[in-house]
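Read through the structures below before going on.
Below, chain A partners chain B and then partners chain C, in two separate complexes.
Coming up: the complex of A and B.
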């Protein structure tokens, strides 16, 4: 894949309120942990849950949070891009989300309003709303591929540009914490009551999070013509199905390995050229083992010299937003030469035997970085980024 | 855009109220694939329509191929499942959630079930749509033209009323591929 630049980024994530991506990156690479015990958003339950939530600093109703963070992140990305109103009129927008504005429907059901579902609850609504709100006049598309939604949004956007279908595509991911998701993941016994410890021998599960993130992808010639900056180039992307199980990953990482191999083939890179992998790294027993196997299957011996870290150890699992947040982290690793750590790591697992950048960030040049996502239903996606031309 | 010719080689349609057709088809699928459990009407309709499309295209299953991709759209059908799940939580507290229903609250559960039943290991995309599946089929065509997949099963599910759904899928492939395997095309895309 050639000719696809990432020219802007915007993000609202846990940790604390940030004005800039640099401030977020500083906190993340210093190993700040945003996960703490909190009450569920709407239900009056006594139990508190370990979650990573966004403090907006605003007096918001929970059901307004989805669009609040979405608008803030998209505004940041558009501001960073310097795209004129005219250029936005011709841009496409693609958004990945698993549950959409689920708190809005939760509120309706709690209030006993069962029959009438507002348009806001629809998964195709956020992209239509945000397109109109920011006068983005091109094609508006929604993606919902479980936890791979954000990565697929970025990958599909990159393909649109690489194939000449579009010149500017804004790709994003948005999801918020909900009682709905807490109930479901609790059922699956996937939630930790300890710390989130990806790849650790004593890992006990994930913490749910939330976030909104956007990348502006642009055709190289279009970006050059307007003097846009470049955070990195999209070099490869692939999606693959496990075709195995509705909620559990394929134990040998068949689908994810196939996605990595296909993305690598598109990129023209060799296995040793990937310096950093931002892993899906949920800290569930099966995901981390599967992911380690998939990386080894796809990269061979190079897997052992590639840095692999899970930013979910600090940010929790932001569902459909996580793929875009983690793509942004991969791009920042390239731009700053700093790899974020996997925090809370204590006991090496003999079966998870890669370099997971335990507890402390690693300063090292990153020429190419890959971001991985794996989700319910055996969804797998891999996206590869390379250096911008100026560094 | 590249100019590779794409042809439609298979079509399948099902309506969730056609219970006898769906049950007969699912029984046949059970015998051919060993997959036994189908839970939700959306899933049953989608799986039935895809089996018709694959049979029509002359593509055998289980496939085990990663050069066949699934490109599926879904309207607000999935919101029905989410409502049912959350009403269970409201009725019995956060511990009263249904383990059988939760996986189906993620819309890609339906595309995932199709990949599992037919062992389709390639590209897999689920797009929530408002009314039209145009974007889904266009993206499938882009993926074929640019070599991201050789064959695409593309279509989706629409809600026609309370707990009533219809599903329709096409098999798309590049014309040369279809010709090489002796498939008949309905039309060019």
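Coming up: the complex of A and C.
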């Protein structure tokens, strides 16, 4: 894939409310843990859950958080891009989400009033709302490929630029914590009551998070013509299915390995050229083992010299938003030469034997970075970024 | 640009399982929209016996496509699903249990099977489809958008062929919401699935029709302009003028755009099933292009009445939504390709 630049980024994530990507990155690379015991968003329960929640500092109703963080992140990305109103008129917008504004639907049920905010509960509503709110005049699309939604949104956006279908596409991911998701993942026994310890021998599961992130992707010629900055180039993207199980990953990482291999092939890079992988790294027993096997299957011996870390150890699992948040982390690693750590890592797992950047960030030049996602339905996606041309 | 053809079709509808029942119902014109879809007809596979209805419909439609085409290797096949509301009965059931009962009493199946990509995920598992599998969300225009994404995957060689399936299930909440949004519309809500297989044109491969052009636009302030641009875009891609189109097909939400061209709608007969309605329109048009099915007579009758052509050549299928999302696709008869 050639000629696709990332020219702007916007993000609202846990840790604490940040105004800039640099502040977020500083906290992340210093290993700040945003996961703590918190009450569920709407239901009045005694039990608290380990979650990574965004503190907006606003007196918001829980069901208003989805659009609040979505608008804030998109506003940041558009501001960062410097795109004029005229350019936005021609831009496409694609959003990946799993649940949409699920809290709105919960509120309907709690209130026993299904007439309340009916439209907002639909998953196609956010992209239409944001398109109108920011006068983005191109095609508006919503994609839902479970936890790979964000990565697929970025990849599909990049592909549409590479094929000449579009010149500017804003790709984003948004999801918020909900009672629905907490209960669901709890029933699937995927939630930890300990720290989130990706790739650790004593890992016990994931913590749910939330967030909104957007990347502005632009055709190289278009970006050059308007003097846009470049955070990195999208070099490859692939999506592959496990065709194995709805909720469990393929034990040998078949689909993810295939996605990595296909993305690598598209990028024209060799296995050793990938310096950093931002892993899906949920900290469930099966995901981390599968992912390690997939990376080894796809990269061979190069897997052992590639840095692999899971930022979910600090940010939790933000569902469909996580793919875009982690793509942003991969781009920041390229731009700053710092790889964020996998925190809470104590006991090496003999079966997870790659370099997971345990507990402390690693300063090292990153020429190419990959971000991986996997999700329900056997979804797998890999996206590869390369250095901006001016570096 | 790779020329693409529709090489297989499948459907689950209130008329029954199979494209032949869909075509017969459309040709007869009797309203079947409120008919229940027989569980016995769709729940043929053990693996999906606990899945939501939407998944059963999707899997049944995809199975017919694959049986029809006789393909057995899906390593390089993409699967693109179009969904409007998804498994709302499951997700509402799960939510309801959370709100009214203890969390631990909810069934995990209601959670995992309610994700919007469950129909596509289950279909990929059952038929061992290992290429790109995507689910895109939206209203009736999503059927064409899904076809466009599939076409891009084939064009860029990320897949050799692609199955596009749209599926939806009836739900009290969504029926209420949509009726409330447009109280004047005489909605008869429907459900089911429609699937097509698209592949590069190959003279040795049987096909129903070729895909000549497509486009999708979103203009929130002007749905009519979005639709006009989508139609113009599809015509431009197909290198056709509006006068070359023999028949237009849309649903009853959309005002006919062409004065000189007959516009068919099957909504009075099949009901409104959101994105699935558009896919049914595409399937019926593809079958009409291929000839030899009951609905072909309906298309041909329209032609004789309104147009100069004596046989079906180019059919445009379009969909528009009140929020400004619109799409159009042109299918061409084999003799025209």
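In this text, the second predicted complex is superposed on the first by the 387 of 391 C-alpha atoms of A that agree within 3 Å, B and C clash if a C-alpha of one lies under 4 Å from a C-alpha of the other, contacts with A are read in each partner's own complex, and residues count from 1 in each chain.
The rule is simple: a residue touches a chain if its C-beta (ideal position, glycine included) is under 8 Å from a C-beta of that chain, and two chains touch if they have at least 3 such contacts.
Just so it is clear, the model here is predicted, and its values are computed rather than measured.
Undergrad: On chain A, do chain B and chain C fit together or clash when superposed?
TA: After superposition on chain A, chain B vs chain C: clash.
Undergrad: So, does A:164 touch the first partner chain B, the second partner chain C, both, or neither?
TA: Once the two structures are laid over each other on A, A:164 reaches chain B alone.
Undergrad: Applying the document's definition of touch, where does A:137 land relative to chain B and chain C: first, second, both, or neither?
TA: Second partner only, chain C.
Undergrad: Mind working out whether A:238 is in touch with chain B, chain C, both or neither, as first, second, both or neither?
TA: both
Undergrad: Touching A:122 in the superposition: chain B (first), chain C (second), both, neither?
TA: Both: A:122 reaches chain B and chain C.
Undergrad: Please work out whether A:58 is in contact with chain B alone, chain C alone, both, or neither, and reply first, second, both or neither.
TA: Neither: A:58 stays clear of chain B and chain C.
Undergrad: For A:359, is the partner it touches chain B (first), chain C (second), both, or none of the two (neither)?
TA: neither
Undergrad: Given the touch rule stated above, what does A:2 touch, chain B (first), chain C (second), both, or neither?
TA: Neither partner.
Undergrad: So the two structures are superposed on chain A. Out of 149-157, 221-229 or 239-247, which stretch of chain C collides with chain B?
TA: So the stretch of chain C that bumps into chain B is 149-157.
Undergrad: Report, in rising order, the residues of chain A that make contact with chain B in one complex and with chain C in the other.
TA: The answer is residues 43, 45, 98, 105-106, 109-110, 114, 122-124, 128, 139, 141-146, 152, 156, 159-160, 162-163, 165, 179-180, 183-184, 186-188, 238-247, 254-255, 258, 375-379 of chain A.
Undergrad: Give the list of chain C residues in touch with chain A in this complex.
TA: That would be residues 74, 79, 83-86, 91-92, 94-96, 98-99, 103-104, 106-108, 111-113, 115-118, 120-122, 124-125, 127-139, 145, 149, 152, 155-156, 158, 173, 176-177, 180-181, 216-220, 323-325 of chain C.
Undergrad: Using the touch definition up top, name the residues of chain B that touch chain A in the complex.
TA: So the residues of chain B touching chain A come out as 1-2, 66, 69-70, 75-76, 78-79, 82-83, 85-87, 89-90, 93-95, 97-99, 102-103, 105-109, 111-113, 115-116, 118-130, 135, 139, 142-143, 145-146, 148.
Undergrad: Which chain A residues qualify as touching chain B in the complex?
TA: Checking each residue of chain A against chain B gives 40, 43, 45, 47, 98-100, 102, 105-106, 109-110, 114, 117, 121-124, 128, 139, 141-146, 152, 156, 159-160, 162-165, 179-180, 182-184, 186-188, 238-247, 254-255, 258, 375-379.
Undergrad: Note which residues of chain A are touching chain C in the complex, please.
TA: For this pair, the touching residues of chain A are 43, 45, 98, 105-106, 109-110, 114-115, 118-119, 122-124, 128, 131-132, 137-146, 152, 156, 159-160, 162-163, 165, 179-180, 183-184, 186-188, 238-247, 254-255, 258, 262, 375-379.
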